[in-house]
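Each of the next two complexes has subunit A plus one more chain, namely subunit B in the first and subunit C in the second.
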Partner chain A sequence: MPIIVNLDVMMAKRKMSLNELSEKVDLTLANLSILKTGKAKAVRFSTLEAICKALNCQPGDILEFVE
Partner chain B sequence: MKSKAENLLTVMHTLAWIVCIGLLAIAGAITISYIVSIGNAQAAKDLYKGMDLSAYRQQSFVNYTFIVVYKIILNIAQAYIAFLMTRLLSKLNISRPFNVDVVKLMQKISYAILCVWLITMLYDSHVAILEKMYGIAATYISGDFIFLAGIVYVLAQMFKRGIEIQSENELTV
Partner chain C sequence: MKSRTKQVLKILYILSWIIFIGVCIEAGGSIFSAFYTLAINSINARTFWAGNDLSGLYQYDPWHFFAETLLISIASVMKACIFYLIIKILHDKKLNMSQPFNREVKLFIIKVSCLAFGIGIFTWAGATYTDWLVKQGVKMPDTQHLRLGGADVWLFMSVTLFVIAQIFKRGIEIQSENELTV
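Right, the complex of A and B next:
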């Protein structure tokens, strides 16, 4: 898929673990893992908003388009 | 607590098993009557619940055998469809109805119905030829259920799309 999820990069920059993020955005570890590994087929705006708030970043920092 | 649909599916599952066993029993009964009728021509008058094929038996034993084999195969094929139905209903999960097994079984059912229709057409044409040749009153089997095969196939294709939508829904974070 040409959309790459850079969640792991942002998490590393903010030095935040998956467990911590999962608690902050109120998502299960399984769902976060799906998103992190790029298996997700869609992301809700509410999820994106929560992740951006927790990591203090923009949606563009998490999602990237590659041809 | 089980929903109304789940209860209905349980009843359908039981019914499908009963139909499957019943049709196999009929096929078995016809086979045994046929074996008896090889030695005793009188047995051809009542093969199963008044099924009188003695006219064919008198005219030609080969044609009589063909007619009996058609009837046995038809019953077995219908029993197979009922068996596929039992497997489909056992694999159907009402909370996650779209899965690959269900689609495969639906496709198999549609192909099986198509086969039954082909056998029916063969039987009807054979019986019609015998009616012309020997003047034996023919009893035809309606082949209208060919549409059923088409409908089941279309439903299987719709289920395929359902699987895609379900997996998309599951992979939405």
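Right, the complex of A and C next:
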């Protein structure tokens, strides 16, 4: 898929673990893992909003389009 | 899964077993009767399976008798196969009501659709063949008694199930997308 999820990069920048993020955004570890590994087929705006709030970043920092 | 759905599935499972045993006996009986008449004792044609008198057909030509009983037997065996598939899917507990759209159920519907189509074709061929034999002056029982009636219903069922299988195919895609939506 040409959309790359850079969640792990942002988490590393903010020095945040998957467990910590999972608690902050109220998502299961399994779902976060799906998103992190790029297996997700869709992301809800509410999820994106929560992640951006938790990581203090923009959606563009997490999602990237590569041809 | 709701307990009521579980109960309904349990009742369906028991009913499927009863019908499966019935159609197996019918298929086995017609095959054995045909074999017995052709290979051992031709008088048996008078009391062919389910009380049908096929002695007229046997006297007309044993090969026509063979062809007619072959069509009856194939249709009966295919009916038994349908109920075997129903029992199998209920026994293996592949019907998951929380995630109903899965590959196994799709394959099950396609298989039943193909079998229903086959039964439709064979019963139609059998009924047409019986009509032709009657026109030739052979005394034949009714197609309903020979279990060769309702070809159109089987074909209709086959087409309907095929359409449902296609809807299931799309349902599997949507369910998969839904599961992978974060």
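Convention: the second predicted complex is superposed on the first by the 67 of 67 C-alpha atoms of A that agree within 3 Å, B and C clash if a C-alpha of one lies under 4 Å from a C-alpha of the other, contacts with A are read in each partner's own complex, and residues count from 1 in each chain.
Keep this in mind: a contact is a pair of C-beta atoms (placed from the backbone, for glycine too) under 8 Å apart; a residue touches a chain by one contact, two chains touch by 3 or more.
This structure is a prediction, so every number in the text was calculated from the model and none was measured.
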Practice task
Considering only the touch criterion stated at the top, classify A:57 as touching first (subunit B), second (subunit C), both, or neither.
Solution key: neither
Practice task
Please work out whether A:18 is in contact with subunit B alone, subunit C alone, both, or neither, and reply first, second, both or neither.
Solution key: neither
Completion exercise
Dual-contact residues of subunit A, meaning touching subunit B and subunit C, are 27, 31-32, 34-35, 39-44, 47
Practice task
Name, in rising order, each residue of subunit A that touches subunit B in their complex.
Solution key: 27, 31-32, 34-35, 39-44, 47
Exercise for the section: Over in the complex, which subunit A residues touch subunit C? Could you list them? Expected result: 27, 31-32, 34-35, 39-44, 47
Practice task
Over in the complex, which subunit B residues touch subunit A? Could you list them?
Solution key: 167-168, 171-173
Handout entry: Residues of subunit C touching subunit A in the complex
Key = 176-177, 180-182
